[in-house]
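Note that the chains take the letters A, B and C in the order they are written out, and that residue 1 is the start of every chain.
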Amino acid sequence: MADGARDTAVGAVRLREAALQPFASFAAVLSRELQLAVRRPADVLNPLFFFAVVATLFPLAVSPLPQVLEVIGPGIVWVAALLAALLPLNGLFGQDFDDGTLEHYVMSGQSLVAICFAKTVALWLVAALPLVLVSSLVAETYRLPLQALPVLVLALGVGSFALCALGAVAAALTVGVQRASALIALLVLPLMVPVLIFGTRAVSLAAAGDPVAGPVYLLLAIGLAAALLAPIATALALRISLD
Amino acid sequence: MWKWFHQLASPPHFYRLAGLWAPWFMGAALVLMAYSLYAGLVLAPMDYQQKDAFRIIYVHVPSAYLSLMAYTMMAVASAIGLIWRMKLAHAVAASAAPIGASFTFLALFTGSVWGYPMWGTWWEWSDPRMMTELILLFLYLGYMALRAAFEDRKRADRAGAVLAIVGVVNVVLVHYSVEWWSSLHQGQTIMNENATMPASMLTPLLTMILAFTLFFGALMFSRLRGEVLLRESNARWVRRLVAEEAAHA
Amino acid sequence: METPLFSAHELAVFRGERCLIQGLSLDVAAGDIVHLVGPNGCGKTSLMRVFAGLATPERGDVHWRGAPIRSRLPEFHQNLAWLGHAAGLKGDLTLDENIRFDNALRRRATPERMTEVLERLGLANRRDVAARGLSAGQRRRLALARVMLSDAALWLLDEPFTNLDDSGQNLVRELFRDHAAAAGAIVFAAHSAVEIEGRPVRRLAWQGHG
């Protein structure tokens, strides 16, 4: 009680540290995830190959005619990208669970929400962003007009972020479950319906030269809501899964 | 009030009460259903456009309503279970899922049967209501698949709860996005919201909805009794109950 | 009476539907070393997880400095060092990278302290080896290095002696003695009896409900 002033000063430092702590843990986890991705490039490349193969099958299965490809192109790119982005979800927390990292995360005394957000951002950077870039190439071969390309990249970028955020919830819920891939897909894909609807619509509108503001804003709103809320659910799900 | 709530949540008490209520709910549901069927299928006039085909709404609409109601109930019960760690709430969510999924399936089935004379096809992809119901069915299946993946009931309860809460937000989004999507594709819905129904058609529909809700309640009570017994299978009151049953037999 | 550093009150721990532990209470003061003994399957690990705040007990409470841990989980975890069955290491990263990450997440030790700890554990010349290239014993030592670097008051260690050779086991005993002398507290689980020179070890055993 005597040195109350000093206590207040120490308290202020603690408070500032506590306020910065989530950012520090976010940065630590993000950089480690990226470091790991560099050491294991297969994690980045396999979804890309998968995407390329799926995109190759459609002209074979449906028709290689330009007028057909033009119609089905945006939809195929979207669906193939969603499916490819599902692939790494099973390993998102699976490896951390197996090697005990997850326990350390939960018991680090740091914000688990910040850690989950870092995992989500890392997943998006490593698995989804390259996919978005490659998909714009594929869309070109499907005769997507050049003017629609920026919209495709933006929409797929936002949409794939929502997928990563929601996928992280599903991955966290199924941590430790054997052969969880199919289950994760079953949980995540129905949740992606609104993103798919607005995303493909935005691309089609852009291809036709119409204004795209409506669906793009809706997509951004969904992406933002997913970014803010999903990590909270992911953190909760992780605690439940370890209990 | 609070005390009453607490007493209700105590498993043996609830088990007894649910056992008392279930037959009354079922009885009332059957009586109302019989009346509504008679009024809907016989007394109500024929629709001038759809002829007799419209009469399937007496099953289709209550099923569709209950499919959504059950999901909402599941999510609310899940939230209560997560926040207050109330086991009975988790039991409610677990029981509501298969019943809700069944009503969703029934809504899809009757919608498809109705669609055949109207659209000339069993399945019309552009109908937004059918689409929403189908995605709702997938959400139910996902919930049940997630629960089934765990042997530990506590984890199934809590993991399922998180999914149900995430899902209920999504149901709203799916509903509006699908409506919007179908408006772009000239979706043809069978039901025209603006058309007004004469009372002779509407009244049986409303009583049927009430009957279905009571039926749902009766199903919930019997499922919940089973759930409570399973969950409390090691408790003293269940052992006593089993012993009594054995003595009677 | 002074409030103990760490305490458990009337714990009941279940695995699935089976009750493993009932009515277990424990007070741990600064300087205490507590040894959880018992055969396989009696719930040692489950109990450790409850102590760590990872799992919730069916009944009862765990307290940190007199308040339930549930109400102050981050603070409790910042004062806790945990050693589980899995070491929490990334095989693709080097020993140094693994240790640095932990440090970045919890933000504690200086580089000098890191070097000192790694030297004490005999890992100083292994810093650039990928963790997958370490032996099981070396991984265990690395996990122990992390415990030391956390600067936590309470150590919760599940089977800290497994995979270690004689010198490693002696080292663990030394670390225990030093930590207890520095007003830290240790709770650990192990199959066999453990004696530590100059420090009493409290043994906690219970009847399995198997």
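The criterion applied here is as follows: a residue touches a chain if its C-beta (ideal position, glycine included) is under 8 Å from a C-beta of that chain, and two chains touch if they have at least 3 such contacts.
Here the structure is a predicted model, which means the values were calculated and not measured.
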Tell me which of B-C and A-C has more C-beta pairs in contact.
A-C
Chain centre (avg CA) closest to assembly CA average -> A
Provide the C-alpha centroid distance between chain A and chain B, rounded to the nearest whole angstrom.
33
Where the CA atoms of chain B average out and where those of chain C average out, how many Å apart are those spots?
49
Dist(centroid_CA(chain A), centroid_CA(chain C)) in Å evaluates to 35
Can you pull out the residues of chain A that are in contact with at least two other chains?
243
Where chain C touches two or more other chains simultaneously, the residues are none
In the complex with chain B, residue positions of chain C that touch it:
16-17
Using the touch definition up top, name the residues of chain C that touch chain A in the complex.
52-56, 73-80, 82, 84-93, 97, 101-102, 104-107
Touching residues (chain side chain A, partner chain B) in the complex
166, 169-170, 173-174, 177, 180, 183, 186-187, 189-191, 193-194, 197-198, 201, 218, 222, 230, 233, 236-237, 240-241, 243
Residue positions on chain B within touch of chain C in the complex are 151-153, 233-234
Counting only contacts in the complex, chain B reaches chain A at residues 82, 135, 138-139, 141-142, 145-146, 149-150, 154-155, 158-159, 162-163, 165-167, 170, 173-174, 176-178, 180-181, 184
